[in-house]
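Chains: A, B, C and D, in written order; residue numbering restarts at 1 for each.
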Amino acid sequence: MSRTIAILTGGGDCPGLNAVIRGVVRSAILDHNWRVIGIEDGFDGLVGEPRWRELTLASVRGILPRGGTILGTSNRGNPFAYPVENNGTTRMVDVSAEVVENFQRLGADALVAVGGDGTLKIALTLQEKGIPMVGVPKTIDNDLRGTDVTFGYNTAVGIVTEALDRLHTTAESHHRVMVTEVMGRDAGWIALESGIAGSADVILIPEIPFDLNTVCDAIHQRKALGRKFSIVVVSEGAFPAAGRKVVQLTASENRGVERLGGVGAFVAEEISGRMQVETRVVVLGHVQRGGTPSPFDRILGSRFGIKAVELIAQGRYGRMVSLQGRHVYDVDIADAVDSLNLVEPDGDLVRSAEALGITFGRPTLP
Amino acid sequence: MSRTIAILTGGGDCPGLNAVIRGVVRSAILDHNWRVIGIEDGFDGLVGEPRWRELTLASVRGILPRGGTILGTSNRGNPFAYPVENNGTTRMVDVSAEVVENFQRLGADALVAVGGDGTLKIALTLQEKGIPMVGVPKTIDNDLRGTDVTFGYNTAVGIVTEALDRLHTTAESHHRVMVTEVMGRDAGWIALESGIAGSADVILIPEIPFDLNTVCDAIHQRKALGRKFSIVVVSEGAFPAAGRKVVQLTASENRGVERLGGVGAFVAEEISGRMQVETRVVVLGHVQRGGTPSPFDRILGSRFGIKAVELIAQGRYGRMVSLQGRHVYDVDIADAVDSLNLVEPDGDLVRSAEALGITFGRPTLP
Amino acid sequence: MSRTIAILTGGGDCPGLNAVIRGVVRSAILDHNWRVIGIEDGFDGLVGEPRWRELTLASVRGILPRGGTILGTSNRGNPFAYPVENNGTTRMVDVSAEVVENFQRLGADALVAVGGDGTLKIALTLQEKGIPMVGVPKTIDNDLRGTDVTFGYNTAVGIVTEALDRLHTTAESHHRVMVTEVMGRDAGWIALESGIAGSADVILIPEIPFDLNTVCDAIHQRKALGRKFSIVVVSEGAFPAAGRKVVQLTASENRGVERLGGVGAFVAEEISGRMQVETRVVVLGHVQRGGTPSPFDRILGSRFGIKAVELIAQGRYGRMVSLQGRHVYDVDIADAVDSLNLVEPDGDLVRSAEALGITFGRPTLP
Amino acid sequence: MSRTIAILTGGGDCPGLNAVIRGVVRSAILDHNWRVIGIEDGFDGLVGEPRWRELTLASVRGILPRGGTILGTSNRGNPFAYPVENNGTTRMVDVSAEVVENFQRLGADALVAVGGDGTLKIALTLQEKGIPMVGVPKTIDNDLRGTDVTFGYNTAVGIVTEALDRLHTTAESHHRVMVTEVMGRDAGWIALESGIAGSADVILIPEIPFDLNTVCDAIHQRKALGRKFSIVVVSEGAFPAAGRKVVQLTASENRGVERLGGVGAFVAEEISGRMQVETRVVVLGHVQRGGTPSPFDRILGSRFGIKAVELIAQGRYGRMVSLQGRHVYDVDIADAVDSLNLVEPDGDLVRSAEALGITFGRPTLP
């Protein structure tokens, strides 16, 4: 049966997006002889005059090793609350009917929505309004439940680890405490894995609220053993363990994160203030989510794309592709977006890190 | 209980060996306050005058990002058939009793043997002779059953993929067929994963004997579509499908592999001879197994080392650490070494590659 | 004639320091059979109880590919104004006599001082007090006159270019203006070369005070041509061209740099405020000066070390090694430290960048 | 004055070719408002029906970090001896008149020929026949006189150095002699610079015919000092010093290079045969000339492209762009192609390598 399928990419950048697009296009054309349409700039491309282009084998040549997405993405694009300017004021408008209509006018039979939490929730609601959807999960932080791991994350861990390798030699030569703030708003995966791989001494993640006393103790103990430097890796979403029962935080600690604009800077300043030690902070930022994907992410993205096409061929809409162990299966989009994939504070990986001597700044009980 | 444990590394080089050593040393010392002894050059270090050194926290500083093994390794070292020279002739001698005696004189309670098939089989037999053993699997080819994946393999795939990225631009500019021979004597994992990640057009692996007619057809079809170059990745253990029922091989095909010294050169020459096309062959060789390990391999090696110490603490000898899904478990060494972890010719990953348009040169049925 | 020579490394980290140390040690020992002493932590190692170690061939094995300095460095270490704490207050004390005495007690004939502006000026004054000096220039910013280029700089340009490659794909996918702040307090070399290599659209350097109107115009023109993203590279020492004659700056512009703590953040905020465009800022920081040196820096560092030994052999003290074209010569330290190596605003390289369409934000004349 | 200029790329692949094309296109369009035509597949694109395409700003977007050449190249393309098949036999035909005619029909005013020795000689002769030429030098081996250095070479040195870093850890762990054969048919630059940067123990280059006795002595001396491994880097064009006066070569040495197909394999086999040591050989091959160019090569390629346009603007035909020190000048093509840029056997760089303890296998005089 000949079909036309559409694909769009939404949300933040993630290495492997082009692998997904290529996977969809190649398997749709080579295996099924379908037509593929690429919607530009996420759901935005279906608002107003539709922006789309034909995706042929030639369109996806050479894109596997490239970061970004050839289709563009959008941070605006929630069709259920779409910012419309009028006389200088911005109102949020529901343009979902327009999106559905535009999609139908394209003559497409199904839409592959590649995106995170937000994009997938929108996809689900749009499906109820008449767009047959297949979801492909995307999150640089690896915080999406419903799949063991997402593409892009492996690349990010690689970039951070390389940065930690670089910072190591400087920290050691200068007897400094180097604080590196990495991505991870809710989940500390990037900090955890790159911290282990990059020989960090301290890893601070959102799942384990930290006590700076424990952190400073660890740095102090290293110093006592002749190691005059330390490497601290902090998730951007890490925060101090406040509350009376565990440890009494000073007022400055509670305010600190906001005052300095980032938890990395806060931690660096506190360590520097409490100990007689020079600290430096590096915020890796967007460097973590761009550029050529690692082999793992190229393969995973490709497989996700192929699986999405397979789901459409089987008419299994509302499903999301998912890596489980070494196999790609599928799950309900609804199940995938209702909670987060967090680091277990007492799980395998954290315990391994602790066995290596890494501290997570757990508050010491009185 | 205070203990002394020993560790040795055997067989070919593999990125992540130092991570294992560091994991063993740090968790043995920090968690258990044990003493750790490093045996030099694999089992060789227990033949004759033992060669070993104390491994302290200082001994393993800074080794996580480094390739190779600080303990050295040996290709000779089978104590049950050890080459001894005498008057210019070499005899194979059983020196296992000496090895056991040397081990016992070191006062060690257990031995962590890090190695492949060969090393682990030796370990098993030495255990029967009185050395309590824990195994850590090591194979660059990822062909060891009993664990989902081994350290070093991920690094190798990364190196090959980067090489394929480089060869791609040259192949395209020159309209050439580039044949790259990669590691994989019995198992085609490296060729398979790096081939998918590196946008190969043809992947030839030992698990799927190939027909050069199919390969040439695929290259020809690309040419017909205006793609004047092709990338071929070949496992060193790949071989042409001989036998009358499937496809008739010419005599030169059967002899070819030996004549030119490598299957890569053979494939390149055959393609060049059969089609009007320039081919080039690259044999990546030992570059694939050295140098800084990928983050994945650093973490896996570390976890394997930690688990090995845990097994000793539990007195569970004869076991081998093993990655299954995202967790590190343990299996019987005996079970791990009795068969190989091969690519399934009709498994998930091969089918994904085929969905992308990659050919494995499967013989076409008449 | 048998001699003992000493070496120390001062100031900020720089890839290639270990290459210099290795070059000095290997050529001193292999060519001259001299003894080499490594002073720890810059001139600090000669204050109080001297901290030093013997440097043998074994000491420098394997250090060529490693960042940092095996000798450590110090940011404190000015012997002419050395911070001494007494009853909680810190006074600056001249400890140079102690440094000279300590040096002489080591029995060393000459000292190789590897460092920047500051370290070399100290070396010059200490030479007057009796320590025969040879200088090796070191500056990550490449702002030292007296040599065409210094080691470490090439590595830094490589790191920044790789980061720009990564940011490019994200900027393009998201239609964003990405502002990257890089090292370069007085000289814009890193921004200039990595900006050209990394396809930047705007490069802002200290040598060419910028006008944000020009910058915004350039971004606007790109947008008009359908390029919805731009890459801006800013030296940390870049600043807006103030003053009435050229262009009228608003008060916020003049205050801006301080308010936000960095020129990168300032530029990003201004662009975002003036245009309807999303901006992101990345401050690469210390990642630029650590880690494995590029081949160029390994070779240059090695050659500098060898040349330093040659200068000592010739008794040519007070000289600094220097790369001129493809040869290593020597110059007076005094000449090298009296002014900076700045980018010429109308030189070859800036003009090349402009020919490629890159803007430096030069104020437009009225 | 409005003009149309053409550009083509000839000969082997070289990272930075796209930078040249982009430099030509951007400066021709942005600075001069000229039209640019890209000839496909070198001079081949002017034989028969011309193959060319319009090069706009959009054509060169995103190509700076990419290896290869978007215009393609050809190994055939000598218009003065062009292979023409007729009834199964191939004759060499002079098609230069056709090339000139095709060029003129394109309405182009000048041609930028990017290529090596061969391409530039052809360009010179075609200029006499009526095509105004500007040359851009290209050689991965860096063996072209008339410019200090060519683009691509720096990238190649980086790739080889990284490979040597990887081989180092394996060689050390296994106590092996690792022989790496690298590019360099007439000139040993790649072996020399990557050998120094990659801590080689032996470097063999065409400019210094080697004596295997000296090589084996060096490996032996290392062994005596406890260094049981050695790294040997060999240019593909290196050869043993034959002749009675210097050192007596056995017959097998003289035949060896041919017998085994490469000097690397020959050297590895000889060392293995003469000493009791395991050797391995790696031939890096085409990996050295593909993939993303280093920052240096991107900048140099860009500047060469800009300069080529400038030369056309000045009507200075028959000239070749050239890097001298830090500036881009121009020289007569004729002067550039009449001899090679070779390593000086007693120059600065070789002497530096020797000061570090590297041997070139110079024959020892009796």
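Keep this in mind: a contact is a pair of C-beta atoms (placed from the backbone, for glycine too) under 8 Å apart; a residue touches a chain by one contact, two chains touch by 3 or more.
Please read all numbers here as calculations on a predicted model, not as lab measurements.
**Q** Could you work out which chain's C-alpha centre is the most distant one from the centre of subunit D?
**A** The chain lying farthest from subunit D is A.
**Q** Which integer distance in Å separates the CA centroid of subunit A from that of subunit C?
**A** Spacing between the chain centres: roughly 34 Å.
**Q** Just give me the whole-number Å value for how far the CA centre of subunit B lies from that of subunit D.
**A** 34
**Q** Distance from the CA centroid of subunit B to that of subunit C, rounded to the nearest Å?
**A** It comes to 42 Å between the two C-alpha centres.
**Q** Out of subunit C, which residues touch more than one other chain, so two or more?
**A** In subunit C, the residues touching two or more other chains are 165, 168, 292.
**Q** Given which chains touch which, is the overall layout a line, a ring, a star, complete, or other?
**A** It is a ring, because the chains touch in a row that closes back on itself.
**Q** Provide the full list of chain pairs in touch.
**A** All chain pairs meeting the touch criterion are A-B, A-C, B-D, C-D.
**Q** Which of the residues in subunit C come into contact with subunit D in the complex?
**A** Residues 22-23, 26-27, 30-31, 57, 62, 64-65, 148, 154, 157-158, 161, 165, 168, 193-194, 196-199, 225, 292, 294-296, 298-299, 302-303, 306, 309, 325-328, 348-349, 352, 355-357 of subunit C touch subunit D in their complex.
**Q** Residues of subunit A touching subunit C in their complex?
**A** Going by the criterion above, the answer is residues 9, 12-13, 17, 41, 66-69, 72-75, 159, 162-163, 165-175, 178, 278, 280-287, 289-292.
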